[in-house]
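Okay, so here's the structure we're looking at.
Chain naming follows the written order as A, B and C, and within any one chain the residues start at number 1.
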């Protein structure tokens, strides 16, 4: 994420620089020719007539937590930018590679801008920067030179340290309970109506001699909701095989079709009925969202499945599917982590797995101690989240007026960390 | 669509009516529309992916066009190798190789999503709930209490390993009400936008298509 | 072997990508993986498209019920595929050659898109208006307290967006202005709805962490089916 934001900044900076350079070039071509190789030694003595006041306090620091290819340059605005003559049009940034006194201009920014990100540098190289202010009429101040800076590659993004700590806490508790459950410790799990209804729904279809329709969402395998759908499909297909019923799985993506075939085939094998497995009942339709919906609607009205499962990522089609399923009188069990579609499933389906329940479903249905243990780990995560919300709100009420945000968090963690000498 | 040919507009209108006919019941016209839709759109996306992923991203990535100045990205071959392994499915003797790319995708999705959602859903949502409870006005204070209580009771509803009874059960009940309010809000909020979709389509039928129809015959 | 290698691939990929979040030099991996996925899915289309053709052609040749429609699908598929792959009628082909924009104005691919795919898609989407009406009717017969809460909340939000709703509560005196439907619906959206959304989102994140860990640790491995098909 940080990489993206840096790229977008760089493009903006690039365009700004280009624009300023064009303006600058148009007004001061002769001046630039003479100035393009400003050397540090002359600049101190050069007192340009009519030139704006130079920026002050030029700093160049290695961009933190990157792979060593960026330097952040910053400065205090020229006196003539904010007050004084008010004639500063922008700033020109120059760079020299260590040891060389040759400074090349590498970019420019508009007035009232006091930073520049130089990217695409070589890791481990030492650089020095200088910054001048310039006016629209082409006068350039003396360049102010920064201290030397060496680009470094960091192996840990300390900005993310708080994410890391919480992930270890929550992930650790999930893993702890997985391990704990292995020892055969019994634990309580509340009932989830939608999951209890699975077996009954499959049984009903068998009795009625009608097929079962399973839609693993409309995303591909690069969505974790589809993976959750597949893990549930495994359990459903096993029961279908045992009941000697039939299941159709039309998919919107080719990879999802392949994964679904693997999953169902494995389920039939576990149930000892691999001979009854039909690969052609699991098929790709089209990648087009509503083309897929048109096809599934057709399947529903023609094959009249007695039970429909919608488990995965769904978008606007959720309601079209669920209402069509309703019109053919199917028992419908839905589940998704798309908050915007949950209301439609809740309104039109018999049972709906809400968000987190979708991801817990396969663990529930498997009944395996290890899988169930992970659910208890999730609950610990909830306790941590609830505590954070409550304690945070109380602290925010007692303390700052503006409330807290992610930066407060970052700041706090950073502060604590630096006390122990880490990170810097 | 504005500069579409009269024949194009005519076909578009007929297909629109064909899809709408499904509301009455499944019928041959809808079946034809559905069949065309599946065939044409599957090929559309096949071509689209072929160009965007295989040609532009992969081919131009490993063999950058002359003068582009880009270095060939050899890492991209990894994707192509996994893609070819996927095709092994079609050869019975080595079809088990197709599980490798599948295993890669499942592992990658789990790893990527875990981090993205952990940061964007969990951390950011928790952090933005940490607001002062006491605000300037009574209504604002009520609002911030509502958000805090709703978030906490909503989470209580999701608890798996504790039975929903007693005080805990009461809190879970409040939680589910909050979830229902949320669902109702999305529902109510969506109704109008869905109506405008239909109005847009009817507008096409009654203006562009009807006018075009009149001109054609 | 046939199970172990995929299992190792899942574990290594999963862990590496989790760690990559914290290790800047590995950051590019997260982007590369997304491109890998796109490339793999193009190859996978040979399997999906192949299955689509196989099933429909089987229908046609065995003259099963509705075989005529299966034929339409196959023809539609090949027509669109040919138009796209050979860029037929693409005006940019003359100048740009094969690098011509696929969706150039005037190309047959684009024409078929505009006349067939786009209107079919828009029409199917607009059916939602009818389905949301029938779903509202269903919700209207609220079966229990939960459904009633959903209904009331939906009603207030809907009214808040309409002129009728605003007029209906316009008579209220200022001291109860909170209960005017436009204010009430705004409050519901900004507060109660927000709380529910947050609980759902936080729950989802925890569910994903837990499920991803089950997958990465190999406890959940339905995708790694064994056997030797």
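We take it that a residue touches a chain if its C-beta (ideal position, glycine included) is under 8 Å from a C-beta of that chain, and two chains touch if they have at least 3 such contacts.
Please read all numbers here as calculations on a predicted model, not as lab measurements.
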Message: Edges wherever two chains touch, nodes for the chains themselves; is that graph a line, a ring, a star, complete, or other here?
response: complete
Message: On a CA-centroid basis, which chain has its centre farthest from subunit B's?
response: A
Query: Per the centroid of Cα atoms for each chain, what is the distance between subunit B and subunit C, given in Å?
result: 2
Statement: Note: subunit C sits from subunit A at a C-alpha centroid distance in Å of 17
Query: What parts of subunit C, by residue number, touch at least two of the other chains?
result: 21, 37, 40-41, 44-47, 49, 52, 66, 117, 120-121, 124-125, 127-128, 132, 136, 139, 150, 154, 197, 200-204, 206, 208-209, 211-213, 215, 223, 225, 229
- request: Give me the residues of subunit A that touch two or more other chains.
  value: 163, 167, 170, 222, 224, 227, 255, 258-259, 262, 284-286, 288, 290-291, 294, 302, 339, 342-344, 346-347, 354-357, 360, 375, 378, 381-382, 385
Field: subunit B: positions in contact with at least two other chains
entry: 19, 22, 31, 33-34, 37-38, 41-42, 44, 46, 49, 86, 89, 99, 102, 105-106, 108, 110, 113-115, 117-119, 122, 126, 129, 148, 151-152, 155, 158, 179-180, 182-184, 186-187, 190
Task: Note which residues of subunit C are touching subunit B in the complex, please.
output: 2, 5-7, 9-18, 20-21, 30, 32-33, 35-47, 49-50, 52, 66, 69-70, 72-81, 84-85, 102, 105, 109, 111-130, 132, 136, 139, 145-147, 149-158, 160-162, 178, 185, 187-206, 208-209, 211-213, 215-216, 223-225, 228-229
Field: Contact set on subunit A toward subunit B in their complex
entry: 1, 162-163, 166-167, 170, 187-190, 221-224, 227, 255, 258-259, 262, 284-288, 290-291, 294-295, 297-298, 301-302, 339-340, 342-344, 346-347, 354-357, 360, 375-376, 378-379, 381-382, 385-386, 388-390, 392-397, 400-401, 403-406, 408-409
- prompt: How about subunit C: which of its residues touch subunit A in the complex?
  reply: 21-25, 27, 31, 34, 37, 40-41, 44-49, 51-52, 54-55, 58, 66, 117, 120-121, 124-125, 127-128, 131-132, 134-136, 138-139, 150, 154, 197, 200-204, 206-215, 217, 219-220, 222-223, 225-227, 229
Query: Can you name the residues of subunit B that touch subunit A in the complex?
result: 19, 22, 25-26, 30-31, 33-34, 37-38, 41-42, 44-46, 49, 86, 89, 98-99, 102, 105-106, 108-110, 113-115, 117-119, 122-124, 126-134, 144, 148, 151-152, 155-156, 158-164, 179-180, 182-184, 186-187, 190
Field: Footprint of subunit C on subunit A - complex, ascending
entry: 3, 65-67, 153-157, 160, 163-164, 167, 170-171, 174-175, 178, 220, 222, 224, 227-228, 230-231, 233-234, 251, 253-255, 257-259, 262-263, 265-267, 269, 280, 283-286, 288-291, 293-294, 302, 316, 319-320, 322-324, 326, 337, 339, 342-344, 346-348, 354-360, 362-363, 368, 370-371, 374-375, 377-378, 381-382, 385
